[in-house]
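Chains: A, B and C, in written order; residue numbering restarts at 1 for each.
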């Protein structure tokens, strides 16, 4: 289980996160919604310290870390318990698909190579890339790259996987394959925090939905509560703007 | 021998050394100007692959790029009179400075021709085709589309060349020119205080090359902004 | 005086013997430059406290000083104290008249470190931030990310520029004749001191430098092709990818 308390982050004078509290139970899929610029990406990046938050607390497993005073050892520890799937994939371009997945296991966690290879192959099989072990990232389509990205995260067996708009850089016809893989991961009971604009997908897989705007969590609840019965005005406006588009695409 | 380094002498030598700065400036300005004119010619020869001349140009550019400027200086100094003598021109009475100017000019011609050539070649083929497709002639396409784009590509590299030329003028003294380093050595020979003179020159070189870099960066920004 | 190729050949014969000296004066600085230059570039990329700040000031400033001044200053700084000490100590006197190649190596190395640190800096910048972040996200430390992900991507980018730097060092090393080191340049000139065939001697020296630089250029092209081939293969497949 991970818990965030009072996370604050400013870029210069621009306060992007204004005290965010969030808790994610083990095995739960939390989807974060919100308009562009509301701070969703920043929140995810703060969780694994790609961005240094100014204030707040993070509890992960049974360790509690204050963002302000985190040591580099604590940061590394958090990073080894989390994994991230990036919007633009960020596969290591000097490594094959298999090596990409093995890297975190072998170098960061000292898993023996043979064992890491086995885990990595299994992860790639799961995302349907059995025939692409030895391909380099640039030899793969966007959808395939993102599936490697997911395999890379899954193979680490982290406490939580953070997804930042994993399909928004993809051509429309490739979105489906990535969402399918994510569904599979969710069904395996892996804890996930997902930022996405795919509403029907959010509705399907989320146990819990969080709506963010201007650096605060405006409303949260089950998909049903948020989608069919939003309480806050800002949530309603956001959904009204985005849902018509969504219902067309079904 | 007194102290190794006397800061007072740095100020004392400064006027004498800076008074030779115009030689350095002359070499840079002259050789860049000549280099641009000759360089344009060489670049044209190479791009249009004019027979025979193209081969000569390739060898010439390769030679200049593959040998130290200091050797080029001496080859011009000893070789140019022989060459021109064979053509019936006598330049044995020339001042040494002229040979230095010639050598740096020849040197820059090669480097600048490469800058121009690679800038023109790096404009995507599609740009040329697009220009032809709206009915521009070859010359119009070159003047209206290719050259303006190539200019933007070449400009920062050209700036680096100017700074490099400025630094390489520090070797002109080897031919016996009384430039800043020549002056510092003359002072050093008299007083056994070379280091102070070198310190003055180092400061001049640092300040001027930083200024040049700033200037070109600024100009580059202006160019890019003006284009919009 | 008429140009005589015989004298060129004679000079060539002597100068060739000093190719090892010229190589020592350029390969050693290249090596030192790559090691320290990369290290400085890394410190600047990661903004490592004092070192990064210091380098921000020192590198541009040192870069502004021409190589020949580095050489003269280093020569002076090493020799003058020895001059002084040699009044009392025999070893200082001996050092004073020793082969000065080492002074050349020191001066050229300083220059090389500065130049190559800039090369490596732009190579490090050429690697996308996302690559660092991906490394951190799977739990690699900064050093591990650097070693396993960033440097393997930065070095291929740097190779052609490093080859250019190397050519610059080979050519630049010719100035050590000014402090009486006998390298290719000075070797070619030895016979000219007697027969005044300077033009022929300089041409002989030029030939050797030219050949050395052409060799490095060839190697650079081969290396680059090797790296490109990998990229082409990738791109070929890339073309097919959206058709899948």
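In the analysis below, a residue touches a chain if its C-beta (ideal position, glycine included) is under 8 Å from a C-beta of that chain, and two chains touch if they have at least 3 such contacts.
Chain by chain, the UniProt names read as follows: A = Amino acid ABC transporter ATP-binding protein, PAAT family; B = Amino acid ABC transporter membrane protein 1, PAAT family; C = Amino acid ABC transporter membrane protein 2, PAAT family.
Here the structure is a predicted model, which means the values were calculated and not measured.
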{"item": "Category of the chain touch graph - line, ring, star, complete, other", "value": "line"}
{"item": "Furthest chain, CA centroid comparison against subunit A", "value": "B"}
{"item": "Distance between chain centroids, defined by C-alpha means - subunit A, subunit C (Å)", "value": "46"}
{"item": "Centre-to-centre distance between subunit C and subunit B (centres being mean Cα positions), rounded to whole Å", "value": "21"}
{"item": "Rounded Å distance, subunit A centre to subunit B centre (Cα mean)", "value": "54"}
{"item": "Per-residue overlap in subunit C, given as positions that touch at least 2 other chains", "value": "none"}
{"item": "Residues of subunit A touching subunit C in the complex", "value": "48-50, 76, 79-80, 82-84, 86, 88, 90-95, 103-104, 107-109, 135-136, 138-141, 152-153, 156, 171"}
{"item": "Touch list for subunit C against partner subunit B, complex", "value": "1-3, 60-61, 63-69, 72-73, 76-77, 80-81, 83-84, 167, 171-172, 174-175, 178, 185, 198-199, 202-203, 205-206, 209-210, 212-214, 217"}
{"item": "Subunit C-touching residues of subunit B, taken from the complex the two chains share", "value": "1, 4, 62-63, 65-72, 74-75, 78-79, 82, 167-168, 170-171, 174, 181, 194-195, 198, 201-202, 205-210, 213"}
{"item": "Sites on subunit C touched by subunit A in the complex", "value": "128, 130-131, 133-141, 144, 148-149, 152-153, 233-235, 237-238, 241-242, 244"}
